[in-house]
Structures are given as C-alpha cells and as structure tokens.
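Here the structure comes first, spelled out in structure tokens, and everything after it is commentary.
Going by the order they are written in, the chains are A, B and C; count residues from 1 in each one.
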Amino acid sequence: MLLRPKTPVASIQQDTGAAVVMVIPAFLGLLAFVAVPFLLAIFLSTQNLHFGSGLGPTWMGLEQYRRLLLDPLFSADFYRALINNATFAVVVVPAQTGLALAIALLLNRSLRGMPIFRTFFFMPVVFPMALVSVIWKLIYAPDDVGMLNTVLKVVSFGHIQPHDFLGDPKTAMAAIIVTSIWSGVGFQMVILLAGLQSISGSLYEAAAIDKAGKWQQFWNITMPGLRNTLVFVVMVTTILSLRLFDQVYIMTRGGPLNATTTVMYQAVTAAFDRGNIGNAAAITVVFFVLVLAIALIQRWFLREEREIA
Amino acid sequence: MATIKYDSVEKTYPDGTKAIPGISLEVRDREFMVFVGPSGCGKTTVLRMTAGLEDITGGRLYIGDRVVNSLPPQKRDIAMVFQDYALYPHMTVRDNIGFALRMMGRPKSEIRQRVEAAAARLSLTALLDRKPRNLSGGQRQRVAMGRAIVREPQAFLMDEPLSNLDAKLRVQMRAEISSLQRQLGVTTVYVTHDQVEAMTMGDRVAVMKSGLLQQVAPPEELYERPVNIFVAGFIGSPKMNLFESVLRRRPGGGAYVTFGQQELAIPDDVLRERPALRERNEGPIKVGIRPDGFFLSPNGPSDQSLQVTTEVVESLGNERMVHFIAPVRKASDADARDQRTELEEITPDGGTSMFIARVPPYPKVRERETVRLGVNTKGLYFFDEEGNSLL
Amino acid sequence: MSNATINGRRALTLSTRARDRVQVGRLGPSRLRIALSYAVLVPVTILFVSPIIYMFIASFKPNNEVLSGFGVFSPQDLSLNNYLSIFSRFSGPDTGTFTGFLTTSLLVSSVTVVGGLAVNSIAAYALARLRWPGRNLLLLGVIALVIVPFEAIAVPLFYMLDGLRNTYLVQFLPFIASPFSIYLFYSFFAGLPKSLEEAARVDGAGAWRTFFSIMLPNAKPAFATVAILQFMSSWSSFLWPVMVIDDPTVRPLPLAISVYVGTPPYGWGNIMAFGVMMVLPMLVVFLIFQRWFIRSVVASGVKG
C-alpha cells in the first residue's frame, strides 16, 4: 500500500459573504440596544451620576449597592418593593394559572361555540395594560358610586361598605393583583387550552375502560400531559410578574405609603423623577440578577422532574 | 466526458467518527452506478459528498476532469433527486421544474420549451399547473425527476427515490427510471437499500458496509461470484442460506461438506475451477445455498440432497417458499445480527436454523413433513473463517 | 390491541369489539353535562367581559352618570358627546391631538414590525441554515439575550438615548432587532425540511436567492406570529414612552391616556371614550384575525 502524503483537503465554500450581510443589521441592533445597555447598566451602577446636574459620572464603586441593600436610609423603599414583587408573584402565579387552567378545562369539552368563549377570555390580552389600568381605576372608584362598590353592596345585601380600594394600603395590592390577573389570564388560558387539546383522546378512553373516574383521569392523564405547558406558563408568568410597572404607575403611583411600589417603579422614579442614574442602574442590575436567579432555580427545579418523566 | 472518480475519498466527522474510511472507484461516462447496502453503511453520505452537501475530509472527488472538493452544489453541474422529493411546496409543477433554469438565467422562452419537453417525457404535461400538495406520490416523484432531467447536467444523483412509493408503483418506476437513463445517456449515481432495485437497475453495483466498499461489479457477478459472505447474504432474495460446516476429503480425491449428519459432495469441476477451495485443508468452512438452489427430489442421491423437516410452507401461486429446520448453525457476518426465532436453538451438537427453499408449486409439500430436497451442488458458495469467498 | 403509555404506566386499550361496545353506548358528553357546562360558562364569561362592556357603555354616557353605580346602565342620555369632547380637548400641540396620538402609535408600531420582520428573519435564516465562521457563537449570544427583559436595560438605554428624546425614532429604533423574534424565526427555519434548501442549492440558488424564493414563501405562519406578537407589544408599550416622551405631539396612545387620567379636568365618560377609540382598531383587527392571534400566542408557548 502506497503511503500517500496528506493532501490538504478543501472543504466546501461557505456562505460567509451572504451570511454576514444578513446578520449585520440585527447584530448591530442587538449590540447597540441590548448588549451595550446591559453592560452599561453595570457600569453606571458603580457611578454617582445625577442627570441634569451638569456633572459627569464619578466613581462610587459598590456604594450604590450598599445604599440600596444595607443603608436603612435608602433601602427601606427598595425592600418594600421587593416584598411587594414577591407578594404579587406568589399570589398571581398560582391564582392566574389555576384560573386559566380551570377555564381551559371548561372550554375543552366539544362544545359548540367554544371559539366564541375563547375569544372573549382572550380579549383583555389585546388591550394595552395602560388602558386596562385606567378601566379598573374607574371600577375601583371609592364611594358607593364606584362600580365594584356597587356590586359588592348588592351581592352582600348592603353589608359590605364602600371602600377606597386603591387608597387603602391594605387593599391596594390586592386590587392591582385582580387587575393583572384579569388582563393576563386569557394569554395563559389559550396556551393551556392548546396543550389540553394535544392530549390524545384515546388516552381518556383507555382510562375509562380501566375504570378511572374523572378525578383520576385528571391527575393521571391531563396533568402529566400538560406538564411541559404548565411549566412554561408558570415560568413566563413569574418573570412577567417581576416586571410589574404599568398598573402601578397609573393606578397607585406606588402608594399608598409604598404599599404597591415595585422594583421597576423604583428604578423609573429614581431615573426619571430624581435623575439619579447611578441608583436606578443599581436597582436595574439587582433586578436582573433576581430574574436570572429565579429563572434558573425554576428551570432546575422543574427540569429535573421532566427528565424522570 | 462525465465520469465521476472517487480517489480515496473519506469522511471523518468533527468528533472523530470515521464514517467513510476511504472509497476509491470510478463511475464511467453514461454508467448507471448503484450504491447499495444496509442502513448506516455510508451510501447516502457518499452521495451527499458527491453533491456537495457534505464536506469531504480526505481524498479527491472528480466530476469530469475537475476536482470538485471545494465547489458548492451550485457549481458542480449535477442534478439530484431527493428521497422526500423536496418539491417547492409553494410553486407549481412548471415552476418547480424550471427553477434551476431560472437560476441559470436562461431566457424565458427556452425555459418554457425545456420544461415542457421534460414534462412530456415524464407524462406530466397535464399536471404542469398543479401544486405539489395536489399530486400523488408517484406524480411527485416524477416531478422530482423532471426537475433533474431538465437541466441536462453532467450527472444525476438519486437518493432512494422509490422508497416512499408503494410496491406496485415501485416496480413500474424502476423500469421507467432505467429506460429514461438509457435514453438520456447521463451518468447516474443511485443510492438504495433495496437490493432488488440495485440488481435490476444498475450497470454496476457498489455494495457498501460500514463505510467501506465490499464489491463493485455488474449484478450477475455479484450474484454468482460474491466476494464475501456479506455480499452473498445481501444480494438475492430471499437471503442465501448460510451455515457452518466442515470440509472433508475422501481418500479417492473428492471432497464434501457436512450438513449436520448429512453430506453434500462438491462436484469435481467446481474443485477444478476454485484453487483456493481445492488447496484448503479439512476443517471448518462456511457454506451457502441460495433458496433456488434447492429442488424437490424424493429419490435423490444422499450426497446431493438433504432430508429435512418442513416447518412453514408459503404458497405464492407460481412457486412455494418452504421454511425448514436445518440441523446446522447459521453462519453470518461477524457483526451481522442473527435473527433467531424460537424454533432455532443452539444445542451442544451444532444447533439448528431455519432455512428457506424455493421450489415449484408441484408436487405439493406440506408443513411439518419430512421431505428430501435436492441441492444444486454446482451452485454452492464457500467461505473461509473471515467470510471471504473461496475462489 | 394498542397500548397507551403515560408516565411509564401502561393503559391497555380495548380490542376493537369492546371499543365498539363503548362507542355505541356513548354519544359524547351527556346532554346534562353540556347544559351544566353552559350554565357555568355563560355567566362566568359575561362577568369576565363586564369591564369591557362597562367601558363601552360608559363612553356614551355623561360623566356624572358614569359614576353612579348601576345607574350607568340605564338607556337614557346616550350620546356621542364624550367622543366629540376628545377632539376639542386634545386640539393643539400643547395637549396633542387624538389623531396625533393614533398616528404616533401606528407609525411606531408599523415601523417596528416591518423593520423587525426584515431584520430578524434574515438574521435567523443565516443562523439556522447557512454555514459561516462564528455562527455558533452568535447563536449562543442571541439565545442569551432572550432572557434579558427590557426593564433590565431601560435605564441605561434612557441614559444613552437622551439626545433622541421626544422623537419617533427613539420609540422604534431600539426595538427593531429583537432576540425573541430571532429565536422564533430560528426555530421555524430550523424546522423546515433541509432537503428543500438542498434542492435549491443543487438547482443553483445562492443564499439570498434561497431565502427569498424558497424560505420566505413557506414561512408565512412564522411571519404572522412574529408580526402579531411584536405589534401587540409595541402598541401597548408604556414604560419606555413614560421615560423618553413628554412632548404631546409624539406621544403614543397608552401614554396619552395615562397623562389624561393624571391631568384634571376630566370626566370618566370622556376617558372611557378615549379608551374605546384607542382600543377599537386593535380590537377590530383582533376579531378579524383571531385565529392568527391565538395561533401566535400558542406558537410562542410551544417554542418556549
């Protein structure tokens, strides 16, 4: 056998030219408007920078973070915001998901006119959150002329007194929660409905033959079949609930007495109302770390079970 | 001249797997070359390397007299028929066939004329304005062919084009493709896992296994003189009956092989023609008998026939397939999986196997009956321990 | 006999004959069950939709009646006054005009969507199907950026784009390139059969030709999905306009209604009229293209 010298082998010409041109616009856009700001946030959070003061940024190191997290003078608002975000997430995620699931289950029968119902439940999703907030602000109007107050009075035969939902620190957050759930449940419901419809009908038939009752069918067929969809819905809703801003800005301005302030609201008011860019950037960075951590934890937690199944 | 030459062409994946250790072969101008082999043998990889859809990591590929290793598919002047046809779903048949010509920038009138000619050749004229989703499997396949022939390329490459068609259609299309290729006279490389297609369509057939060429020869040669057990077992349907045997010599000069307790004499002219067999010592040997190497011979001589017990008899009208229990151990390729049925077992004295004999419909044979099958001893195949033919 | 497997446990299905027996006795869910479903569903749906109904009705009623408990539902005093007052209230550059708000929203959203479709689809195609050095790295980068929520970069972006405040540009430019859209397109292109593209290559088409002649025509669902999702997101954009817009002439609708609610005098009837006008185009588009909307949402869920 002759030993051939290794000839350099040419591989097929690549599409580099075309690919580069195709990718450049998006690449530049992402670089300029996502990647750079992201890094800039980290940089700015180490600076003492006030907008409109005419002064440039000065180095502050981790001082912004210290103030935010440890200094009682500054951090009270921030911690309150964190608690509010947490409360919101802890209530909304199960409540909205549960409600969406219930509605999806109801709609999953072969009812005629199901698409009509589905459209109605999805409608709020099409409304900008700002508009939703305005409508509910009206509904929550205090005094007995407010719509919600009127309804409650009628339903309770006069026992429930009119309430200033948005003005009372005890009920403000709950009010925002209800508004948010109303706005978002259609989105989840539609996804869960699609997931439900993708479960093969013959599985239910098989279970019925095996003498499984409705409840057992639900736990043994529906839930496992929905598992991945549910995981996705829960994760997305959790992340979305951390970004809470629009409703708070319009309905309560973070009050009363910080009852509804959120992390993003803090960041925006710091930057926009007070011009304190350094502080706002620090809040933003903490926010992102939180989001990432929660996303990773959820992923790990829920992913593991996925593999066993 | 449109020859395709593979000069030590190899394919190694980035993770180190050597899919194709090296292939050298030349497809002649106007030849219909079929690459055949079990799944995973590398035949499709070779085809895709020829098309430019996979990188060649070693060796050189020539189309005509150009080295084409680094040329993208567009520049190789080849046409390809894909296994799933890959018809452009949003275009009509006419536009599908004419697409390549549009890419080449040919004038509209020329495109129309060539498309219509190709369509006429393939009986597609009535379907020119339909979209692929409104075509049957066979029609789609013909559109895929039309797309290839309209370009008048240097070579056709076909990747299992018939595997998605039903059996009857396949038989019909085989003939159509063969005749088309002959009329057009274009060099063709055709890949299939179906050895019937290979045998009926190829001028030459390249049998592949695990990335290596086993044998490249015209179909008859593959059938009559397979170079190893793999090729012998792969070509021919039903599969050749292969078994472990022992070669023994008679004091007078003849030789025979064992079949369990029975014997099969090797004819003298066979010994004369095969020096490797003639000079071999007594001892283990692998023997093959094709199913049509059997015939019913109730009174045949004991060294040219075998007494066996039938198990299942399949009647096909023009012939019968008799499955019988043979008191021998199957011989196969070192890494081919042996499919043993419950009726086969390994017993200390050699084991049993299920063999198939193909015999005429009469006289009738019943199941679970002892019969005497004559053996065409001139058509026996012999292999050594490594599975190479003893020629 | 067929076997269904859930969670590794086998549920045996019937032989065909037993199946038939079950089928014959069953005509789908029982009538009673259907009636019950409706009995629950209809009131729940009406209750759910009531805020929207309230908004519509309130927009036709005088302000004092809007805030009068159930009085708002009385059929008297219906008029278009609220709507007309919007146009008189918002009549100049210092308050902005309704048409101005609408134009801003339309312009910004359209440019974002159209620009986004163009820019993101070709990038996704290059990532999904072309071979070039650095491809894998860039793909990883894009996927990493998908998890960055807008809020995380709003503040620095605000700082960076300070000079562009109060323009249309600042409202759409940052949003044309979208990691999520790229990812959606990428999954879609990656899912198209490779052989289609290979056939095009063998037929002589280069990268651009393949994209326009083969990929695009077969990617309509992906385009619809991305367009709808990006449009909805852009139309309801609020956080960003709050930060960078204070000039009423370039103010988008969501911000406009928020400002309206924040600056007396206003009557709730007027505000509701504003809301109706604001949501009507979107609602009409939604009702016409419902299936696409819902499909888009589901598609984004499936990809997740």
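Brief remarks on what is shown
Basically, a contact is a pair of C-beta atoms (placed from the backbone, for glycine too) under 8 Å apart; a residue touches a chain by one contact, two chains touch by 3 or more.
Just so we're clear, the structure is a prediction, and the values are computed from it rather than from any experiment.
Comparing each chain's Cα centroid with the centroid of every protein Cα atom identifies chain C as the most central. Should one ask which of B-C and A-B has more C-beta pairs in contact, the pair is B-C.
Using the mean of the Cα atoms as each chain's centre, the chain most removed from chain C is B.
Distance between chain A and chain C, defined via averaged C-alpha coordinates, is recorded as 15 Å.
Averaged Cα coordinates give chain B a centre that lies 55 Å from the centre of chain C. One simple way to say how far apart two chains are is to compare their mean CA positions; for chain A and chain B this gives 59 Å. Within chain B, the positions touching two or more other chains are listed as 52, 72.
Residue positions 206 of chain C are each in touch with at least two other chains.
For chain C in complex with chain A, the touching residues are 2, 4, 6-7, 9, 11-14, 18-19, 22, 28-29, 33-34, 37-38, 40-41, 44-45, 48-49, 51-52, 54-55, 58, 66-70, 72, 118-120, 122-123, 125-127, 130-133, 135, 138, 141-142, 145, 147-160, 162, 173-177, 179, 182, 206-208, 211, 232, 235-236, 238-239, 242-243, 253-255, 257-258, 261, 268, 271-272, 275, 278-279, 282-283, 286-287, 290, 293-294, 297-298, 301-302, 304.
Residues 8, 52, 55-60, 69-72 of chain B touch chain A in their complex. Chain C meets chain B in the complex at residues 193, 195-196, 198-206, 209, 213-214, 217-218.
Looking at the complex, you find that chain A touches chain B at residues 4, 6-7, 9-13. By the touch criterion given at the top, residues 14-16, 18-20, 22-23, 25-30, 33-38, 40-41, 44, 49, 51, 103, 106-107, 109-111, 115, 117-131, 133-139, 141, 143-147, 149-150, 154, 182, 187, 190-191, 194-195, 200, 202-203, 205-210, 220-221, 224-225, 229, 232-233, 235-236, 239, 242-243, 245-246, 249-250, 264, 267-268, 271-272, 277, 280-281, 283-285, 287-288, 291-292, 295, 309 of chain A touch chain C in their complex.
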